[in-house]
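Below you'll find the structure, written out as structure tokens, and then a few comments.
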Amino acid sequence: MSTRLATQGRLIDRSKPIEFTFNGTRMTGYAGDTLASALLANDQLLVGRSFKYHRPRGLVASGAEEPNALVGLGTGDRFEPNQRATTTELFSGLSAQSQNHWPSLEFDVGVVNNKLARFLPAGFYYKMFIHPKPFWKHVYEPIIRKSAGLGQAPDRELKDADTYEHFYYFCDVLVIGGGVAGLQAALVAAKSGAKVLVLEQNAHWGGRAPVDGGTIDGDYPEAWVEQTLAELSAMENVTLRNRCMGAGVYDHGYALGYERLTDHAPGQGGPRHRMWRIRAKQIVTATGAIERPLSFAGNDVPGVMLAAAMRDYVVNWGATPGKRVLVATNNDDAYRTALTLHAAGIEVVRVLDTRETGGGALMEEVRALGIRVECGRGIAKVKDGKCVTRVAICAQNGQGGAQEEVEADAVAMSGGWSPVVHLWSHCGGKLTWDDAQAHFRPDPARPPLGADGAGFVVAAGSANGPLGLGAVLSDAAEAGAKAAAAAGFKAEAKPAAGVAQDEAPMQPVWLMPARAEIDLRMKAWLDFQNDVKVSDVQLAAREGFESVEHTKRYTTLGMATDQGKLSNINGLAVLADSLGSEIPQVGTTTFRPPYHPISMGAIGGEARGEIFQPLRKTPMHDWHDANGADWEPVGHWRRPYAFVRAGESVKEAVSREILNTRQNVGLLDASTLGKLIVKGPDAGRFLDMMYTNMMSTLKVGKCRYGLMCSENGFLSDDGVVARIDEETWLCHTTTGGADRIHAHMEEWLQTEWWDWKVYVANVTEQLAQVAVVGPKARMLLEKLNAEAGGGMDVSKEALPFMEWKDGEIGGFKCRAYRISFSGELSYEIAVPASQGQAFWDALMAAGAEFGVMPYGTECLHVMRAEKGFIMIGDETDGTVIPQDLGLNWAISKKKEDFIGKRAQQRSHMVDPDRWQLVGLETLDGAVLPDGAYAVGSGVNANGQKNTIGRVTSTYHSPTLGKGIAMGLVKHGPKRMGEVIEFPGTDGTVYKAKIVDPVFYDKEGEKQNV
Amino acid sequence: MLILECPYCGVKAEETELHAGGEAHLKRFGPGSSDDEFHDYLFMRENPKGVHFERWRHVTGCGKWFHAARCTMTLEVFGTYTAQTSAPPQEIRDAITAKRPGWSWREFE
Amino acid sequence: MSDPLSALPGARYAGLATIEESGLQGMITLRGDLSSKTLQKAVKAATGADVPSQRQIAVATGGAAAWMSPDELLLLVPYDEVEQTTSTLAEALSGEHALAVNVSDARALFSLSGAGAREVLGKICPVDFDPAAFAPGDFRRTRMAQVAAAFWLDEAETFHIVCFRSVSQYVFNLLKTSAHPQSRVGVYG
Amino acid sequence: MKRYSAFAVAREALRYHTGWERAWRNPAPKRQYDVIIVGAGGHGLATAYYLGKNFGITNVAVLEKGWLGGGNTGRNTTIIRSNYLQDPSAAIYEKARSLYEDMSQDLNYNVMFSPRGVIMLAQTEHEVRGYKRTAHANALQGVSTEWIEPARVKELVPIINLAGPRYPVLGGLWQERGGTARHDAVAWGYARACSAMGMDIIQQCEVTGVRSEGGRVIGVDTTKGAIDCDKLGMVVAGNCSHLSQMAGFRLPVESVALQALVSEPIKPCMDVVVMANTVHGYMSQSDKGEMVIGGGTDGFNNYTQRGSFHHIEETVRALIETFPMVSRLKMLRQWGGIVDVTGDRSPIISKTPVQNCFVNAGWGTGGFKAIPGSGWAMAELMATGHSPLAEEFSMMRFKEGKFIDESVAAGVAH
């Protein structure tokens, strides 16, 4: 049974017990425990179920590489699935649930898959469930979906109670990993004067060294770590962050740090995670190495653990998975586990060393303690079950004929070490195969390349290959110096002196025993979480999935949440062996960020709730909000769709606004419309290029409606242009167009006609603009002027249609334009934004006697449609040219060139069959459906019904009391009076007559009064 | 995440401050050009594997357009320079030659 | 005319740093040839400040001039004088190609002061705020989370932040969030 | 070819699965083929498959410089839908979708086509109008879609937050028979079927030159030697500019990186595919339980296939806003794929200036869903010189100004 030891546990504080629950059971751990060590201490060896066969799973590892111990953590709006017990620090009140089982962890119905395992090899689903066809969606897939997945989804109706943030940071040298290598590299780099940031994913510093022993500068590694940390902390140019994982390395020296601020103390306030967006000149990856499991039958039974992890649990947390442990290894390091266990009073029943000649000094030390060491031996099989009971021993070189069975309650295994090369590889760093250690390590000749084409990542310590303490420290010192030098500093690679026991060469062991029979291979796990076994990889190879990517995808090897940290190399080796090839020839799969899963919340950062996106507000926004605005998002703006009164529907509000504006007077907040000042000696010439119309000839004081096209010929924006003085024009754009058209103008000025003297300034937000619209508009303005004791003459004579004037209205300094999008008498009046609300208030107050009402965008849309005015985004969609819309009058024939002119000469653009703008009227006054298409006769070559037109805008016109629409119709203007058919999606066929698009006041008298 | 130095304001800007504007040094063809010329101007792009010249705008910075010479395979940046030119300046070409001898791009090499 | 309103009158928050809306500020966008003597003279007359060098702000008693781009300055003048100053500028520059526009109402201005100011901005701007990299007198236009913004640092270690008026509430909320008292990063002392 | 079935699996289980044969042969190239397809991704393999199946042309080689299915086929977000606005797109995507319906049976390979339904959310009035327009167009195109109201959206997507607050869901365009398929299986299934017809799939064979005589293609040079052919099909996403230059012509495409990511697996919580274009994010849940999330494209030419952080930042924010529970999931991995984008973001299936040389390219972000339709049309074009499905996708359309622009009705080309 697993338990807490009376001694050991350098990281726990036994004076501080902590209560927590696992699957509802109350348990106690200590401050400093991880959830994993606390579970172990509470005899909770069984922590979860595997993905496919639902086999019982226990802890295998002690860190981020753990594939099995995933739990659902927390409750309610702080629940999160798939949290790793090994990286979860214990806190008071922690509540964890194991995953992927039903009805319970101990008794899981899904384990039936385990019984059927023989029928469910790699890729079985590609070969099955093909017939009958509907069964895949309705029967097979739902079962597979239910049985797959891991943790429960968070509650769908709850919003995350936590917040997140980002932090931009710049440094010369970023050191990822706070083990002895990282600290050594950081120290060397920091002493050169470089600005250094050190990230450590765990709460504690020093990595494995304090567990593994040896000496540094003659003292315990722990002492050196403490002293080095103190030294680094005291340096101004160094920043140390623990609980902060180097998550990814990206192009040009960009790196992500994932800092977990409150995971160990939820609800303490402040952000939960902080994403560091780091720009480093150089990055040192001191990310250590990960021990590999051995592939023997039953290597997934709870109680089978990596040898170094078992050592971690004993030394760091005083917890052990068993009292009678068998050790199996192909290298010397596992002897350290045997020594540690022995020192902690745990019986080591046997050490099986695959090497015929065994190990070196460490082995002798173990033997000297009276522990039985057998060389050339391995595990034939661990008996299946929820915990280890019996282990069959065999010759490593054989087929698995068991020679002996021993009783044990835990197995420590070590298959050698693989450097953590993920961060080195994220951005294209290449690997080289190291035969002696049987692992891939970074190839220093092929590092990831930065913006200057030089390498920007240096691997350090065991992440770079060396495993002995002395070699690790000197490699790290060199890495620190190299990084500092590359960042422009002069560093001295002076390492601390690390001394550890010499080790005998390891022996690559990819299968135990080497010639294991198929029934053993079918129980020898490679990927514990995804249930991939040696036999699966062999099957894939046999079926022609020869590429490592094919095998990975076919078997799902390495695709689990641990991203193959334990399984990849073992899997590659089996694949290489099956193909009769060498491991380096087979190669690795691609390492993708992040190193370890990171929260979506952290990725999103601060952008949630009210700051999810900027919300742009006009000066009158709050008034609208308080007066019934039904909002419509337009880009980042919100505009009132209508001002809805109590007891009124939105539709009714729109009707009321239209009728009132046509009969009395309405106010529209037009502040969002873009206003660009274009000035310079070449401004006229420039605007002639920007617009299809001639703008250079516009007289000062006058306004002209203008069209803008893309270079591809398509209509992209429209608006009224006013000439302010000889050299200055003011261009209005659509709401969405202000920034876009400003950028468009700057682009042409800066990159094509850079010798033209033109300046553009965007003054959209300087001004609040109000459209005062309706037959009583003038009366309203005149009243305002009267109240103020004088002001701008707004009479027809003084300010005729399509002219503008500066002056004062109601005491407000303003610029007034006589322009109209509604067909009514209309003034657009611009005042400084700081006066916007006051001006609006004044208009509302003075207008009361005239029945003034604010109106929204829908009213605007209907009124313009009644007049047959086009709307960018309705009549245009990026495929429509002005000629399609009957806007030839706005296209200058005199100009040699304008943006889009050449494009409009292409064969398809001058095709007489292009659909053209018309008005549409249903025969019964009904409203045509939005977006409906008109059908012609027959079908095209692909069997689709031929279409001859479509509705571009359609409304009920309260003014006319009937449905009106505009549309684009083939040969439309020549077909006035014809009735065409628009099939609805509801089966109804709408008949509509082709009419003039101007439905209201065809002569334009009302706007010209 | 690309990091490019804006030649106008000297800021080493990360990609989020920039707007990519496609291939550089396009010659505009307007009315009077042939169908082929106009087509190539609008649609034909070098799309090279290797050395490339492109336009960027320092959109949340000084607002200026500039040019960058960059490798599309490694993302190495050979240099940035003003947008007010119709050809890469000699020092940029030299910088590329130093790193990619024998390079060529359209009529430049 | 009634009393003009700034973008977010009275907005204030104290957390890791103190954020305050600065009220009405006269601002003029000036585009032109920054090396022109006429322009330099006009700027001096309008603000009391010299034309600043790249990414700097030149502060004088009556106003300031900030470098926006190689052909653009942002001039700071008293709000109630801005219209007059704009016309005077325009007149002074009438002989050359230049553009002066009053943009006071198009912008919002915030101050950000206190020990945490650098890291509050460091959470939302991709800019190096190390004292060695950003010093008093430095002026920077950049991205503030999802909007464009500009800021400078004065001698009292107070940042002054300019953004568009329409997003002033967003920017204030953003700064407030970044200045959450329990979110100290602690890298700038 | 041994047939796959539950019985075959059971039979093999008894002998520990030692009897399975290779899914596809691994031959050395012959001197000459009637047709060479360059690129053993989904599109290339599908082209070969339909050349054999529909036209009896089986003396075919499919050349692949890496491993079959190793490009975008194996790195996309597997969405299948045909609710396109423009007629030519709707035709080819619907053809593809309908072929997906029967693909498992046709190939005797379970490609796990799962018509779980696709919703495109409307979150602005503009999108509402755009999707209603698409629904009308689809009805006439024979594509079954419908406009659905918010309440129905919530029924279909229980994890959605309809209320916004920023962009309330106003409804959606629903295609019930859209869905997903297992991307690798599509490539593997086609490869197995092609191999069984006697076609040679030659992996690790890079084309280094295209040979032509008198304006007509006669073969290719490869890293495995010269190979002759009567007809050549270039189906190489991410490399088409490069290859077309070898053949002596240029293509109007640019290659950019498209970003994608997956979460850790969780138990089923979302059955349908949801696309939210206002906030730029789309998401589905794979059979393994991962949330599969698509992001945007870089704006610059890039051949690195690497993920970049700021794009997914935007995508993830949008998804958290739309599906609040996403905030407490974790990203497992992110990556990039190289997509070829044309001037109107629609593909090219076309004859080329070189006789008997055909090109299939420019699928942008929408390639996977098109695979069978694209292969079908390409095969028809190569075999007969004419394909109604491919007609409008000619590379000549840019000269005429005759675009197929799908972005017009609030739609996107994912």
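We just call them A, B, C and D in the order they show up, numbering each chain from 1.
The working rule: a contact is a pair of C-beta atoms (placed from the backbone, for glycine too) under 8 Å apart; a residue touches a chain by one contact, two chains touch by 3 or more.
None of these values were measured; they are calculated from a predicted model.
Comparing the centres of all chains, each the average of its CA atoms, the largest separation from chain C belongs to D.
Of the two chain pairs examined here, A-B and A-D, the one linked by more C-beta pairs in contact is A-D. Chain C and chain D have CA centres that are 49 Å apart. Taking the mean of the C-alpha atoms as each chain's centre, chain A and chain B sit 28 Å apart. Centre-to-centre separation between chain A and chain D, using Cα means, comes to 22 Å.
A straight line joining the Cα centres of chain A and chain C is 32 Å long. Chain C has residues 126 in contact with two or more other chains.
Within chain A, contacts with two or more other chains are made by residues 250-251, 254, 277, 279, 428, 607, 613, 615, 712, 903, 906. Residue positions of chain B touching 2 or more other chains, listed in rising order: 1-2, 14, 16, 21, 35, 42, 59, 63-64, 74-75. This structure has the following touching chain pairs: A-B, A-C, A-D, B-C, B-D.
By the touch criterion given at the top, residues 1-4, 14, 21, 28-33, 35, 38, 42, 55, 57, 59, 63-65, 71, 74-77, 83-84, 99 of chain B touch chain A in their complex.
On the side of chain B, the complex with chain C involves touching residues 8-11, 13-14, 16-17, 59-64.
Put simply, chain C touches chain A in their complex at residues 1-6, 24, 29, 31-32, 71, 97-99, 101-107, 119, 122-128, 130, 133, 145-147, 164-170, 173-174, 177-178, 180-183, 185, 187.
In the complex of the two chains, the chain A residues touching chain C come out as 163, 165-170, 195, 239, 268-271, 274, 277, 279, 606-607, 610-611, 613-619, 636-637, 677, 679-681, 757, 759, 761, 763-767, 811-813, 832-835, 837-838.
Residue ranges of chain D in contact with chain A, taken from their complex: 4-6, 8-10, 13, 16-18, 20-26, 66-67, 69-70, 74, 87-88, 90-91, 95, 101-102, 104-105, 108-110, 112-116, 123-126, 128-137, 139-142, 146-147, 158-159, 166-167, 182, 184-185, 188-189, 203, 263-269, 278, 285, 287-289, 304, 306-309, 312-313, 316-317, 319-321, 323-335, 388-389, 391, 399-403, 405, 407-409.
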